[in-house]
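You will see two complexes here that share chain A, one where it goes with chain B and one where it goes with chain C.
Presenting the complex of A and B:
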């Protein structure tokens, strides 16, 4: 058993691809191959999205309904599959509604920075000159801030809420996409296919959208999936710090935070949302990693 | 001279000039130090020289991909600047050097050609553009089936044919070819040069041909300018310059030219019997 664990599988060696090779998704991909891990990743994320979308149908109880007489029930007791929390609310129902909220916020917090960052990055990289210098300055300033501190400050200014989280994350996160896209755009703008398009009199917006973007979109897409994972973690961190989604709305971070005093006696209160986060994270990581592999080979 | 299609006067391009943040003057790199040449309609004009001599920079100024620092370019009697209108842009087209990077890897050949035709209003409808794209491919010796394929399906020589099809799609008066065969195998070079020669004759094109290889120039061009360090050091008819070069530099360049294979070949001998 131990020997088997120590000796690495032979395939690890030929697929050593730097950062990617060290991620969870990379580890899984090496064992089952790119297509399978992509399918598993899509399956996991798809399942979570479905559960979230149909939370109102699947959830056995109202996630907000308190029943103090039945508080802190163990899993399976009195028809509560995952037990109840300190206020007698059904944990499974809260988990499902929490998925809805967290996935919705994650989606918003990825789409906006993704779109805005790519748009700004590609224009700056293509134009060059002072536009580009300005962007680089802004990127450096935003990067220099500790992200969580900046987020917390923004949350205090804007007041807590779902929209605030999305806006705050967008304000911080677009620079990652902008920087990535800018670098690619600078590299591509002197490629002859771009020069040829310019010689052909094709309008700049069309060159950027139809010629350049398809050739540089792979990296931001991969980043978006690994970013979604980080954002879910950030949201749960904010929830844990009491800065996330205001109660009584269920979200995974708040659930873990509220479960803290009961960890030694009712451990499942914290473990259930924790497992949900890990599971979703695994799915996103698998997709990000397989896409990186697949899009790399054009 | 009235019948000159293109006239270039005192063309200068400096890179990296200006001042630093502290106001210190930066020393610019002078890629072109004021060159003059003119090309008559229907002529094939070559600029040769080592890499870094400024040949490509000159070509890019003519095509409108590079701003000049000083000097003027006159085309069909009108000034040709970096910013130009659609007709002027259409009239000067380019064949690029590297067929592996000059075609967008994510667009089909037909898609890219059709886009070019429609944006420039050569063809009004999608169907007309596609049909014209097929004709263009045929003109450069590619099958119509290439329309729906992406560049990665083709070899270097085939890609360069597609690149030539794109350059003639807008029916230019002046075709600028920037080292069109230097990225190709010697065996393919001759066929691409043959194609350019044929198109020049059939379409009545004027050509500005950039090369570092005098043997290539000899096959294709009427007049030649030799460039060295951003200046033209020798210019004249190809036969004269190559037969009796005045400058030492030209002699050296001539000595370095590759020998293209003779196009007349003996019939193949019967293949040896398989063991």
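Presenting the complex of A and C:
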């Protein structure tokens, strides 16, 4: 028997079907509607990732090069598409390199909590007993802290830098994945396909990895997308507070912070990085939302 | 099972969490790479000064002894002493408490005021245009950084349009209501999308339950069913939804106090970080966690008052 046959049927009835109306047109609209927002989301995030990856090729200027004689130029002046900042640095180039930095840090800050949280959650949920009780205690304690406050405190003791941001976020964020995975693992462990696999003498690590994980991975994946959005907001917030990536490295939050004195006269200095954050956030949010909706329909 | 029993049981659950939180905050100082005393005093500190600080912070004792000492000081109400101001951390926090509590309460109020009707509107006809519009707004709203929105609101609402004050806490109750509106709104906007989404799902779940079908079969008017049956039963879970997001809300105050120049507890934390004032950072971190625990505790109590079935679970 293949593993697929042991697994429970993946798709049951669409619970929303009765409510939305039974017309074919409604079903098509709903189906395509979900696909469209997912496609737009993937398009936006894909575009941002490409811009970030090829920042060094696309950026017209060196993002760190100061040119005080040409400071605070308006968009379009002297070949600067989005103008220059207070030190004469090209805003577009800084935005692109900022994308590289923020998206790279966000990616690292999602992958580690995702992997660690799922690994701990699945083992604790499957084993139960004191391991599980301990995990629940740790989750309760970490959730008692406002995320931002704990992150600021951790960055304070660990010191500034890209690596410490990723470490601090991992220390705080893994519990979200662990909690989700633990709940699923507890639900799945008494399912027949798991019992069958255990009876068959398959080693536990293999049961968890090959049998259980594929059945419970969907929820953490959806969480990862909404989490990536929150992490980008967090990283830029830290940058704004001067606790993020140390200058002169361009980060969207730091750019907004530096633009504060010029908002009345050179508003684009503050608006451009804000729009970049909102645009990236919109993409991630669209992906998370359409994936969550598809999951619900299961 | 009486309500007093319920309160007692919730308290029993809260106590280990409080201990865990104090342990994390205690442990923070040991996460400092190298010698925390040297980091705090700077690299030109004399060995005597470092030894003195070691002794003052109890770093020359064993870890369990340090933790017991720390707990003992906390129980006596001593949150630590500021490094720079030579003032007790407790006094510094209490002084700035009104601003932060106002911000938390006011934004929670605005969240309920805006998210509640939006969720009901969306849930009143799932899949319809209004539902989609609400959904689009919450998807788009989720990605707006609070500090950025704050700066934009200050620039265009306060400075250019002169509708509301740009900064400060204001004088008297009405002054607070006016001055704290923009900061509270800024925090609320970040949380409303999360709340609307869960609230909509909760209302739909209630609307799908059997007692609603029964009410409809009895021939009650749709209006009565919505107000007396659906809304009444969606109220307890909405308290949970609000308290689940309270961590975001409280974390938001730290940034927003800075943006709007409000000297609250969050601002104290950021100032202390710039001054490398370790005891204050530690005290404020503990304080914020306790705030979240207390709000969650009262949220649970309120929820059980609204839905007595929960007492027995």
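We take it that the second predicted complex is superposed on the first by the 262 of 298 C-alpha atoms of A that agree within 3 Å, B and C clash if a C-alpha of one lies under 4 Å from a C-alpha of the other, contacts with A are read in each partner's own complex, and residues count from 1 in each chain.
Methods note: a contact is a pair of C-beta atoms (placed from the backbone, for glycine too) under 8 Å apart; a residue touches a chain by one contact, two chains touch by 3 or more.
The structure displayed is predicted, hence computed values, not measured ones.
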{"item": "Three-chain arrangement built on chain A, chain B and chain C clash or fit", "value": "fit"}
{"item": "Contacts of A:260 with chain B and chain C, given as first, second, both or neither", "value": "second"}
{"item": "Touching partner for A:210 - first (chain B), second (chain C), both, neither", "value": "first"}
{"item": "Chain B versus chain C as contact partner of A:140, first or second or both or neither", "value": "second"}
{"item": "Contacts of A:200 with chain B and chain C, given as first, second, both or neither", "value": "first"}
{"item": "Partner chain(s) touched by A:240 [first = chain B, second = chain C, both, neither]", "value": "second"}
{"item": "Chain A residues touched - chain C or chain B, whichever exceeds", "value": "C"}
{"item": "After superposition on chain A, the shortest CA separation from chain B to chain C (Å)", "value": "12"}
{"item": "Residue ranges of chain A touching chain C (in the complex, touch as defined)", "value": "16, 19-21, 26, 30, 37, 137-138, 140-150, 152-154, 156-159, 226, 229, 233, 236-237, 240-243, 253, 256, 260, 263-264, 267, 270-271, 273-274, 277-282, 284-286, 289"}
{"item": "Residues of chain C that touch chain A when the two form their complex", "value": "16-17, 20-21, 23-25, 28-29, 31-33, 36, 126-127, 135, 139-140, 142-148, 151-152, 155, 159-160, 247-248, 250-252, 254-255, 258, 266, 269-270, 273-274, 281-282, 284-285, 288-289, 292-293, 296"}
{"item": "Footprint of chain B on chain A - complex, ascending", "value": "191-193, 195-203, 206, 210-211, 214-215, 298"}
{"item": "Interface residues, chain B side, partner chain A - complex", "value": "63-65, 86, 89-90, 92-94, 96-98, 101-107, 115-116, 119-120, 152, 163, 166, 169-170"}
